[in-house]
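Same chain, two partners: subunit A is paired with subunit B first, then with subunit C.
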Partner chain A sequence: MKKLILHLILLFAAVSFIYPFLWMASASLKPVAEATSMNLLSSNFTFHNYIAVFKKIPIGRALLNSTIVAGATTASVIFFSSLVGYALAKLKFTGRETLFMIVLFTMMIPGQLTLIPLYTLIVKLGWVDSYPGLIVPWMISGMGILIFRQTFVSIPGDLMEAARIEGAGELQILTKIFWPLSKPAMVTVGIITFMGTWNEVLWPMMIIREQTMMTMPQMITMFAVGGQAGGDLGIQMAASMFLVIPLVIAYVFFQKYFIEGIASSGIKG
Partner chain B sequence: MASVILENVVKHYPNNDKSTIKDLDLSINAGEFMVFVGPSGCGKSTLLRMIAGLINTTSGKMFIDGKDITNLPPKDRSISMVFQNYALFPHLDVYENISFGLSIRKTDKKEIDKRVNDAAELLGIKDFLRKTPKNLSGGQRQRVAVGRAIVRRPKVFLFDEPLSNLDAKMRTQMRVEISKLHKKLKTTIIYVTHDQCEAMTMADRMVVLHNGIIQQCGAPSEIYSSPKNVFVATFIGSPPMNLFKGDIIKKDDQLFFKINNTALTLPLKFPDILSDESSDYTLGIRPEHIYLAERKPNDMLCSEAIDCEIELAESMGNDVSLHCKAQGLEFQSNQRHDFPIKTGDRIKLVFAIDKLHIFDENGVARPATRERSDRRKS
Partner chain C sequence: MCRIYMTIGKEKNENIGYAFISPYIIFLLAFTAYPLVFSFYLIFHRWDLLTSPAFVGLDNFIFLLHDTQFWQALLNTLVFLLIHIPLQIFFSIIIAMVLAEKIFARTFFRAAFFLPVIISGAVVTILWQKLYATDTGIFNHLLSLIGISPVGWLTSTKIAMPAIAIMATWKNMGFYIILFLGGLLSIPGHLYEVSRIEGASRWQDFWRITLPLLRPTMLLVVVLSTFGAFSLFIEPYVMTGGGPLDKTMSVVLYMYKHAFLFQHMGYAATIGFALAIVILMVVLVQKKYLGKETEY
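The block that comes next holds the complex of A and B.
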């Protein structure tokens, strides 16, 4: 009986969590008249709203922009954060702990606080309305460094020393030994960064004016709130679906890495 | 084959009062199997890692094959190393593990294939080249680690306690295999262990280390039979050498070693003691040099029979280790276990005088001569 109640509570929580998303998906497929209905099913499902979005705004271009920006940022965060994480975890140098503290400190600073100085900097560099403006400020992250550092600390130093004796340089040790042994950490950092960048609205709003340079969330926000959708809920939802689908696909694809632990059997524990 | 020479090598960690390695000189011959042995924390692994280049040298110089390697990175020292926990790369299979160093050095693929297969053949691991380390037993992993070391054909192999994670049977087997491998490859090996049995059986020469200082360096038999100090005497040999503190006294031109109330006749193979009658000496004798009175060898000068009580008799099948107590002395004696004996029995034992060791107040061995025995025979 206790189990049944628990399961009912969990079921309720799960449904209340997923329902808004399913409703959005459903509304995007319904004709205008039915869009506001709370019912998830309809006999008149249509792709009309999606076609309308394509006609009204250059969503394809925005999708490309978002993919380039989120992809480049993610790759760069994984590369640079793991470099720093490796140094902080495995290399011995004066001031290592202080440096780590500074990295942690940067995570305490609210992002909004740095927006204005960053904006000024980007304007001075002439990077307004450009990919570098969207990518460069976010190429490394404190969170990424922290996750990589913590993961690398747990990799036995003997593996590093063995690789060093075999002739590997530090970069080779990182890419050939530490990366393959840290797949879950890489995927975690990758997904968090990709989602964060993909969903970012505020920063592109600040530095992008040209419609051709806009990212998906920026364009959809402008579209939905800015009046181009003409108050049509179905079209607004369809536009939002474009934003969500790539993330859902990415999550489904990489989910197994979240579960997969590091098979570290080369070292006897 | 390459020689390894260490000159005035020092390792000092900034936060330590004492140096881990103190002004160490050592010359290892080309093709030699050299073992560093000592208790935990004696500096043996530190020294090996310094030779490997994994730890910086504070001062001094190191040479491999005449080339100064003191400040070279590990990859340029022409060494390879087998670690205690194997340090195999868990995400690579056996083939990739063995060939790792060669592919990093961009060796030709055909050459890699040939060398890996040769090594696998030699070590008997050909059947699982495509398995990952987690699917191998401890002994197999150790073979893979050895394979990775030999495939690059370095000038010197370094082994850092490679057998300590294996069970007793596998350890004995791998010990034999490594010794055979050395005979085949004839490459210089530096092998670190805390296990004196490994050191004694495998080494051409061994270095006994304690507190970062070489206590003695020599062939295992030499170190066993003529330990230079009390530390070496007790560290090498199992059970360890029996030690008794006492005084040397002179009576009727004859020297005696006095321990509590027991006086043993001291041999004259320590001539410099004659003029140096004093206290604070330590007498040492190995358990196998204490004989049953009735079985004492005819050609051996022995002490008078001592009546002992057996406090504990530990049988190992063919041998028995007797923990004896007599006249305030406690010592161990090893005998062939071909007679009935049990705890609580009383027996008569004699000390082989020629096999006694005398250490001075600093624990340093007094040089022995065979004078007494020779005179006795003539």
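The block that comes next holds the complex of A and C.
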């Protein structure tokens, strides 16, 4: 009996977490007259709103921009953070401990402190309205370095010694031995970085003015706030769906990595 | 011979080490150290990005001290924090405790609660703006079913900020449930068995065992949600634009306005600087009161 009540409470709570997204999906498919109805189903479902989104805003371009920016940032964070993580875990050099302290220190600086100076730097570099402006300041992450260092430390040194005797360079040892042995760490860093970049809205809103350079979150925000959607609920929901669907599909397949990776890194979207 | 070989090997190792970290060092200098140092330059200057910066001494700080809008924004952010964090802790501990029991379809529930965490804040905000709508939103519809007249969720000066805090709690809760669940599962089961033998009630268990042992998790949750709360930006930007009557203006939104509406880089940087000091002070206080060693 007690179990049943617990399950009912949980079920009620879970519905309140899922229902809004189902409602969003449903509203994006409904004609204007039914858009605000609470029902999830309608006999008049139509793709009209999706077609309207393509007519009103360059959403295809925004999807492309988001894919380029999130993809490039993720690849770069994995590559460069694992380089530093490898050096901190397995290579001996003067200043190694100091560097480790610096990595920890950078993670404690509140982002609000450096946001405006960072923006002025982007202006000076001439990177406003450009991919480098969106990607380069986030190419290496302290969190990524920590995760890779932690993982690499526990890989036994014998493997490296053997590879070195056979004449392998350190970069080869990293990419051919350490990477394959650290797939969970790579997936974790990859998911967190991709999700964070894909969802990020403040930074693009600071450095992007041109509609053709906007990523998805900024474009749908401007669409909803700027009045271009004309207060039409269904169209705004349809535009939002383009941003949500890729992540939700990835989430369905890599749910465990999403949850454990995000929780272990202490980073959220 | 062997020794010489080893020293050569070590030197080689050193150089490779530097080669591996050199991209990071350049990155660090350009995108962390430079902005950090430049923020100290900016707070003493007035700069619109077009003309050259003018040194103004402490003018930015003096203006900040008398800027009632800034203090209102700081107060709003603190109101948000004081509603959001207790709500967050209360509900995520309850759900985590239920999930820690032997529950049917635990993975499904975990995934369901976590869903809003992976969705962009921009989408969640646009979605909840529709749910909060005074005339057509779901919340007022549900209220009307039990005979309560419509509430101006985002238009009332008293309710707008709590409404945003409720939404933020909903969005982030899955994340904190997972943290608390991890904390709960790490509490040794024998502690509860001993307590059962001593005849303690479940309620006493919660206060004497569960809560004290969750303290490290609690500190983590409080610190992380504090950082999150002070970053409040897109929610008021989309939902209210900081209104009604500046009651949902957050510090970051205020900083954004000074930088991008008025082109005051020096003053915007000063707001960021002041906010960073407030954040560090709040986190230090939290660490002092929650960070004590737990004995058991």
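As a working rule, the second predicted complex is superposed on the first by the 250 of 269 C-alpha atoms of A that agree within 3 Å, B and C clash if a C-alpha of one lies under 4 Å from a C-alpha of the other, contacts with A are read in each partner's own complex, and residues count from 1 in each chain.
To be clear about the criterion, contacts are C-beta pairs under 8 Å (C-beta built on N, C-alpha and C of every residue); 3 or more make two chains touch, one makes a residue touch a chain.
Because the structure is a prediction, the values reported are computed rather than measured.
Counting only touches as set out at the top, which of subunit B and subunit C does A:M139 meet: first, second, both, neither?
The second partner, subunit C, only.
Is A:L63 in contact with subunit B, with subunit C, with both, or with neither (first, second, both, neither)?
Touch partners of A:L63: none, neither subunit B nor subunit C.
Between subunit B (first) and subunit C (second), which, if any, makes contact with A:P156: first, second, both or neither?
After superposition on chain A, A:P156 lies in contact with subunit B alone.
Check whether A:I177 is in contact with subunit B, with subunit C, with both or with neither, and answer first, second, both or neither.
After superposing on A, A:I177 lies in contact with subunit B but is clear of subunit C.
According to the contact criterion defined above, which of subunit B and subunit C contacts more residues of subunit A?
Between subunit B and subunit C, the winner on subunit A residue contacts is C.
Touching A:E166 in the superposition: subunit B (first), subunit C (second), both, neither?
After superposition on chain A, A:E166 lies in contact with subunit B alone.
Touching subunit B and also subunit C: which subunit A residues?
On subunit A, the residues that contact subunit B in one structure and subunit C in the other are 262-263, 266, 268.
What residues of subunit C sit close enough to touch subunit A in their complex?
Answer in residue numbers: 10, 13-14, 16-18, 20-21, 23-24, 27-28, 30-32, 34-36, 38-39, 42, 47, 49, 95, 98-99, 101, 103-104, 107-123, 126-131, 133, 136-138, 141, 170, 172-175, 178-179, 182, 220, 224, 227-228, 230-231, 233-234, 237-238, 241, 251-252, 255-256, 259-260, 265, 268-269, 272-273, 275-276, 279-280.
Inside the complex, what are the residues of subunit B that reach subunit A?
Its residues touching subunit A are 52-54, 73-75, 79-81, 83-91, 97, 100-101, 104-105, 132-135, 138, 141, 148, 152, 165.
Touching subunit C in the complex: which residues of subunit A?
Touch list, subunit A to subunit C: 6-7, 9-10, 13-14, 16-18, 20-21, 23-24, 27, 36, 38, 80, 83-84, 86-87, 91-94, 96, 99, 102, 106, 109-121, 123, 136-137, 139-140, 145, 170, 195, 198-199, 201-202, 205-206, 216-218, 220-221, 224-225, 233, 236-237, 240, 243-244, 247-248, 251, 255, 258-260, 262-263, 266, 268-269.
Show which residues of subunit A lie in contact with subunit B when the two form their complex.
Of all residues in subunit A, those touching subunit B are 156, 158-159, 161-168, 172, 176-177, 180-181, 262-268.
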